[in-house]
C-alpha cells in the first residue's frame, strides 16, 4: 500500500493502512472497485489517505459469501463464538493506543476520547464473552401434562450495522460483539468520512477469524455511502439492520426494512437536557455540563444541548460556565491538554454557522462563542445561548458545541421542558433530594431512555442498555437484555406424551 | 335499551345488551353518535342487534379523558393496579358462560371455543395479578465508585389496542391485562363486525373501575371502523399501538405510527405448517391437524394451512384425514357436537369461493370439500387440497378451512418448505426422534415464533410469548417478558458521591 | 362440636370451630387422640376452646398419606396447582373478617393487625397464582455441538412448615402458597398456643382440596408441641423444613435436618434497629418507631428493639416518643382504638418482668413503662429504656414492647452499632441524604436481610424476599426467587447427536 | 528455593517452585513456619518437593490482613474487580501447559485431564469477567406510593475455600473467580497432598494483584491440614465456607459453621449412576461409561460408580465394556496415551484393596480388574463388579476405578435404583425416546443435581450450576445463579415521600 510521506501518519502503517486502501472486506479478502474517496484530517482538511469504496458487485459478492458463512457460524456453540470474540478483544487491546490515535486523527475527537472509544469495544468484547454462556432461554411451566414449554433463542443469521462518524468504533463494537456471540454474521458499513477506521477495525477482527481458520465472510465490511446503505436496508438476507444516525435517515431506513419484513434497531438523534436544581452541587454540575456540551465538540448523540437552570442559581451557574468555557483549550485533538477539537467536516462547520444564524433569528442570545475559528480546520467556538424553550431551534439537534440555556421555577416545569422535544435519548438532573431523584426516574419524570442523576448526559457504561425513546428510535444496545434483539425468539411446546390435551381446557371433537 | 324479541337472544340482556346499543365508552359513560351498524349472526346473517358507533368527536372526548386518567393511573402502585385486574378476572368468571355464548353467537366459532376464549382472558387476569408484583427493573453494577446504575420500567401512558373479529375477547385480554398492570390506560377498538362483544366486555371491565371509584376513562372503548383505527394510528397521545389483523393493514398502521415516533406491537398473518415425519404418531397427528385446520373454521391466525407429509406416510395420513373431514359435523356453532360453524361474514364466504377458484387455476387438486354450503349462513366445506409448495396461493393466508397438502422426502426439505412463506407465526412437527426435535427448534429449524412438537399449530398457552416473525410482525403478547413492550425502559445512573469519574476511564479536563 | 356458651365466641362456629376440636387433619380427615390442650384468650387468660392434639400414630398416618399425595400432586401441571391456590385465596377472602378476628382473639394482636395478617396470605395466594406460570428453568448455551443444557426445577415432594405464635397465619401463607404451586405437599405444625387458628386455616384450605376432588393429604396439619416438631425435623420424607422461631430452637432443628441430609429454611430471631439521622423527618420517624416497637406488643420478629438517635436530635425525638408512648391505648385487642394488646401468654409476661429486672441490673434506665399492668390478661406497659449498646441484654431478643435507646455521633458509628448484634433481620434509617441512603444499603451498610429507609423495620411487602442473615438463619420467604428453595434444581445436559465431545476440550481415549 | 535435581521436575521452577517451598501466602508475602510436608509423585511415591505449611500464627496474621483487605476490596466497583479476574485468566493462560503438567504430576490424573482442569479455571475467569457487570439486583414494584423496593446484593467479605485433592485447581477456580468479582476476599486451604499446586496457583493469582498495586491479602492461601480447616470452619470472620470433600467431613464443617451463624457451600460425595436403556446407542454408552468410570482413576466426585443396564442389552454392553477395560493403558499419567494413572496416595490404594474385599464379602462378582498393580506407584486395575443394588457397599463412595453393574427391567425400576443411595450428585441415562428423556429430567426422574442424557455423569460445563442434592450437600458452583451464594441479599424499601402508608393496608394509630 505504499508508505506515508507525512511523519505523523506513519503510525497508520502499524494498523495495516497505506496511502491508498481497498475499502471492502468481502468473502475473506480485501477488495475495492467503487468510488475513490479521501479521508481528511478535520484539524486541517488535508488528505490522510485514499480509500477505494465497494462497488455494488462487491456488495453482492460479500453478501453471498456472508450467507454461506452464516449457515455454519450459527451452528458453532455460543461459548466457542465467545472465545473468538475474546480473541478480538485481545487483538484490540494490543492496538489500543494506535487505534485511539487513528480515531482522534480521522474523526477529530480528542485523544483521551479516542482511546476511551476503543476501550469501550474492548470492554464490550470482555462482556460478550461472559454473555456467550448466558444467552439463556426459559423453561416455562405448561398447563398441560406431559408437555414442556420453552422459550428458545436462535440466531438471526446476518446483522447489518450502519454506523455514524461520531463513534466510528464503539457503535460497531456494541453491535458486532453481541451479534457475533449470538451467532450472527456482521455486515458493516462504516461512515463515509471515517473509512480508515473502518478498515483498521476490520483488519483486526478478520485477523482473528483467519487465525482460527474461520471464514472471513463472518465479518463483511464496506466503506461506502448511501448506495450501500440503501442496499443493506432493502436486502432480505439481512433480518436486522442496526442503524445509527439522524432521525430523518433512520425513519427512511426503518420504512424500507419494515416493507420487506425485517427489523430495525435504531439509534437516532438526541436532544439532551441537564436540569440543575436549586440544591445541586454546583461545581459538579458545571464540570458535568462542560464535559457533556463541549466533549467530542458537541457531536455525541448524548451531548447536552439544553441546560435547564433553576432561577435561584441561574445566574451563578451561568457565570461559572461562561468562565470555564472561556478557558477551554481548542486545537489539535491529538495534542495533550486540548479539550475541544475540530468539527468532523467542513459541512459540519457550515452547518454550525447556519445554526447560529437561525438561533439569532429566533431570539437566541449568544452568551459566549458563536463563531467559527479561522483556520484550515473545522474549528468553532464552544457556544452558550440564552433562549426560550419554545423556540423551534431548541427542538432540533444542532450537531456541534452549542448549548441552549433556559430558566425554570419548579421541578414540574423543568421536566415538562425536558420532555417537550421530539427526541428522547438522554437527560440528567443535579439534585441532592431523594424525592426529586425518584420522581425524576419515575412515571412522571424524564421520558428518555437514559435518565441520570448528578452525572452528565453522556458517558454511558456498557453494562446498561443504551438508547432512547420517541424520535431517538427506541433501540437498545450494549448491556442488559439488548442481546435479545439480535436473536429470534421461539416459543416451543413439546408434547412427549401420547394424549392431546388442549390449553384453556378446550374440548374439540 | 328495550328488549330482544327473539328468545335465543334474551341472554344478551344479562350482559347489558339491548336491541340498540351505544357503541363507545368514553370519559366514563356510554355514548354513540356515529354510524349505526348491525351485528349479524354468521349462522343465518340475521340481525342480532344494532350498535351506534363512535363519532370522531366522541373519539376526541374519549382520548382527552383518557390522557387525564393516564396521569393518575400510572401513579397508582402496580400491585394496586393488579388488584383491579384481579377483580376484572372475577367479574369475567361470573359471566364466563354468557360471554362464551355471545362470542359463539356473534363471531361464529363453536361454543367450547367461545368459552375457551373467555377463559383465556380470565387466565390472563390471574397471571397479570402475579405480574403486578414482578414488573422488575434491575440494579446493574456500575464501574464507577459511588454510582448506582439501574434499569427502571415506567408506564407508557396509553396503549391503543385494535383487535380482529376472530379473537374478539382474548386478544383484548392479552393486551389489556398486561397494559393495565403496567400502568397504562387502554384505548380499545374492537372489530367492526363484533361490536356486541366489544360492548359486553367493556361493561364488565368498567363495572370494576366504577366499583373502585376509579375514572372509567382508564378503559376507553370504541366500536368503529377504519376511521377510528386511523385516528389511533396517528394519535401522538398513544405511544404504543397493538394491532392484530392482516399483514397489509398492519404495515400501513406501522408506518403511520412510526412516522409520529410511536411503537407498534403487531400480530399479523400466519401461514402455518404441520410437518408429519415418517416416525410420527399418526393418530395424534391426524387429530391435531383436524383441530388446527378446521377449528374456528380456519379463521385463527394459527390455523394450520399447510400440511407437509413425509412420502412414506403420505397416503395413509391423507386417507385418514379425508375420512375424518367427512365426519365433521357442520352447523350452528351453539349446538352441541358441532365442530365447524360458519365463516364470520358473507364476504368471508365469497373470499372462500374466490380462493378455491384460484387454487384450481394454480393446479391445486381438491381432495375433499371445496364448496360453500347452501344456507342462509356463511357455511363452507372443510377442504383439503393437494398442491405444489411453489404455487403462489400457498404463500398467502386464505382465511377459511382450506388445507394445502404437500409431500417431502427429508427433514431438510420439509423445513425449507416450512420457512418458504413470508409469514412466520406458527409451525409444528410430529416426530419421536430427539435429534429431529432439537434440530427443529434450533438455528436451522423452523423460523416461526411458535415452534411446536407433537401438538397442533394453534392452542397456545398464556405463559409463553405469543407472536411471529417476518410478515407476522414480530410482536409478542401474553407471557414471558411481553410486558416490557408495554413499558418504557430507563437506564438510570445515580451519582451519590461528590466526584465525577467517567466511564471507560476517560479523563476530561 | 357443640356450641360456644360465651356470646363473643359464637363467631368461631362460622369458622368450623367448637368448644372441643380435633387437632389434626391427616389423610383427608380430622382426628386427634393426643394431649388435650386449651386455647386461652391472652386478654383474660380464660379458655376459648379445647383442642385434642395429634398423637404420634396420627403423625405417622398423616405422613404416610402425604407421601402418596405427593406423588400425584407433583405431576399436576403447575398452572393447575395455581388454580387450586387461587381458590384457597378466594375462600380466605370470604372469611377475612372472621379469621382476622380469630387471630386477634387467640394471638392477642389488635384487630387491624389480625386482619392485615390474613390479608397477607390472600395476597400470597394471588401472587402464587401468577408464579405458577413463571417457575421458570433456563436453557443455557452449551459449549458442545448438538447438546442442550438446561436448568430444570422439580418439586421436592413434601415441605414441613413449623410456625410460631406471633404470625399464626401469614407465615403459613408465605410457605404453603409457594410450596403448593411448586408441587409440594405441605405438612404444617402450628404453634402450640394458637391451635384454633391452625384448625380454622386448615379447614379453609382443605375445603378447597375436597371441592376439587383432590386428596386432603396434600395439606396435612398438626396441632402439637415439641414431639411433633422433633418428628418433622427427623423425618427423611421431608426434604425441606421451614422453621420460624427462636435462634436457639432453630439451630437444633437445623442440625437434626442436616444430619439426615435435608434442608432448612430458617426465620429466627431479630434484633432490629432504627437509626434516626440528624436530618431525618422526625415526625415520620416517631410514628414509625411507635408502629415498629409497640405494634403486635413487640412480638414481631421485625419489631424495632433498638433505637439509635443522632446526638443532635436525641433529646427531642425521645421527648416526642415518650409523649406518644404515654398516649398509647392499651386494652382488648378486639376493641376499636386499642394500639397495644396483651402479650401472648402468661409466660411472656413473666419473661417481660424478668427482662426488665435484667435491664436494670445492666444499667438500663427506664424512661417510660417498665411494669406489667394489673389485670387478668397479659398486659404490660410499652417501655423505653436508655442503655449502652454494649450491655449484654441489648444483644438479645426480648419478645415484648421494650425499646432500647442509644445515642451516636456519626453514621459509621450508627452502622457499627446496628451490625454489632448476632441477629441480622431488619434495620431502618431515617435520613434525606442520598449519600447516606446508598451507603446504608451498600457493602459497608446494614448487614441485615431487610434494609429500610424512612419506614419502620416491620411491615414487609410480599413481593420482596423476607428473611435475615447471621443468627436470623439466612432463609428467605415470600417474593423474589424464594420459590427456588421449595424446588430442587437439576442441571440437565442432553446430547442429541451421535458424537461425544467433552467439555473443556478434553480428549479422552 | 534451590534447584530441582531431577530433570523431569525442572519445569516446576518456571512455576516458581523449588525443592523446599514456603506454604502460605499471608498479608501479601510468602511464609511458612508450620509442619514440613513432602509432596509425593503418585506414580512412584517419590518426593517431588517439600513444603512448609502454615502455622496457626500465620493463619491469624493472614486473616487479620484479609479482614483489612476485605474492607477496601468490597468497595471497588464490580467491573473493576472483573478486570483483575480477567488478568488472572490471562496469567493462567500463559502457564496453561505448565500448570496442567503440575496437576498431572502431583495429583496423578492424565495430562489431558490436568490441562483440562486448568482450562476450566481460565474459562471461569472469562465467565466471571462478564458476570462482573451482571451481578444484578432487582427493583420490585412496591404496593405503597412513593416507595421504592429493591433487592440489593452486597459482598460477604471473606469466603473460605477448602478444596480436595482431586480437583486441586478447578474447584478453587469455581469459587475464587465468582467470589472475587462478587467483592469478597478469598482464603484458600488446598488439599494437604497437593501443596505444590496450591502454591503455583497462588503465585499466579497474587502476581496479578501485586501488578495492580492491590493488597496481596485479597487472596490468602494456606497449605495445611485439619487444624487450618478447623480454624476456617470456626472463624466468625468468614461468613461463607465453601467446602469440597467427603460427606462425613462436610457435615462436621457445616455444623461448626452453622453454630457460629455462618453459611456453607458444600460439594460432598457422589455415587453416580449411568442407566442404559434398551434403545440406547450402545457405542456411545460404552465410551461414556469408560470415561466416567475410569477417568481420573475413578476419583472424580462425578465418577460413574453404578451402571444400570436394561436386561435386554445387559450382556452385550457388559461384554463390550470388559473388552475396552482390558485395553485401557495404565501408567505414567504424563505419558501420551495413558488413560489410567495411579490413585492419588498409598492410602487410596489400600482403601481400594479394602473396598474389593468388602465387595466380595457382600456377594460382588469381579468381572474384570479387582487387583492392585505391583509397582512403586499407586496403580490399581480398572474394575467391574456385578452386584445387587441392595448390597451396602453400593450405597457408599469407593474412591477409585470400581464400577458396580446391575440389571433392571423397567425405567421406573432403574430410576428407583438411581435414587436409592444417600448421595445425589450426578446421573445419566442413555436413550433415544423423548418420553423417557423428559420423564428422567422431571419430578419423578433422577433426584440428582446433575441429570444427563446420552453423555457421561462427569465433564460438566461451567455455564450450568454444579452440585448435588441430599448427602452431596446441596451447594451449587460455577454458572447459573451460583454467584448469589457469595453475596448477601438485602430487601430494601426506600420511602421518598412524606407519608407512612403500611403494607397489607394496615391502619395503625
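Worth pointing out:
A, B, C and D label the chains in the order they appear, each numbered from 1.
Just so it is clear, a contact is a pair of C-beta atoms (placed from the backbone, for glycine too) under 8 Å apart; a residue touches a chain by one contact, two chains touch by 3 or more.
Which protein is which chain? UniProt says A, B, C, D = aldehyde dehydrogenase (NAD(+)).
Remember, it's a predicted structure, so these values are computed and weren't measured experimentally.
Of the two chain pairs examined here, A-D and A-B, the one linked by more C-beta pairs in contact is A-B. Each chain gets a centre from the mean of its Cα atoms; the one farthest from the centre of subunit C is A.
Between the Cα centres of subunit A and subunit C there is a gap of 50 Å. Computed centre separation for the pair subunit A/subunit D is 43 angstrom, with centres defined by C-alpha atoms.
Here the CA centre of subunit A is 36 Å from the CA centre of subunit B.
With touch defined as above, residues shared between interfaces to two or more other chains in subunit B number as follows: 75, 79, 123, 132-134, 138, 140-144, 147, 150-152, 434, 437, 461-463, 479, 494, 496, 498.
Interface residues of subunit B facing subunit C in the complex, by the touch rule stated above, are 79, 82, 86, 123, 126-134, 146, 148, 434-435, 437-438, 461-463, 479, 494, 496-498.
Interface residues of subunit B, counted against subunit A in their complex, comprise 71, 74-75, 112-113, 116-117, 119-120, 123, 138, 140-144, 147, 149-152, 154-155, 183, 251, 254-255, 258-259, 261, 263, 281, 284, 287-288, 290-291, 295, 339, 422, 437, 441-455, 459-466, 469-471, 474, 476, 479-481, 488-496, 498, 500, 502-509.
Note for the complex: subunit A touches subunit C at residues 75-80, 132-145, 147, 150-153, 432-434, 437.
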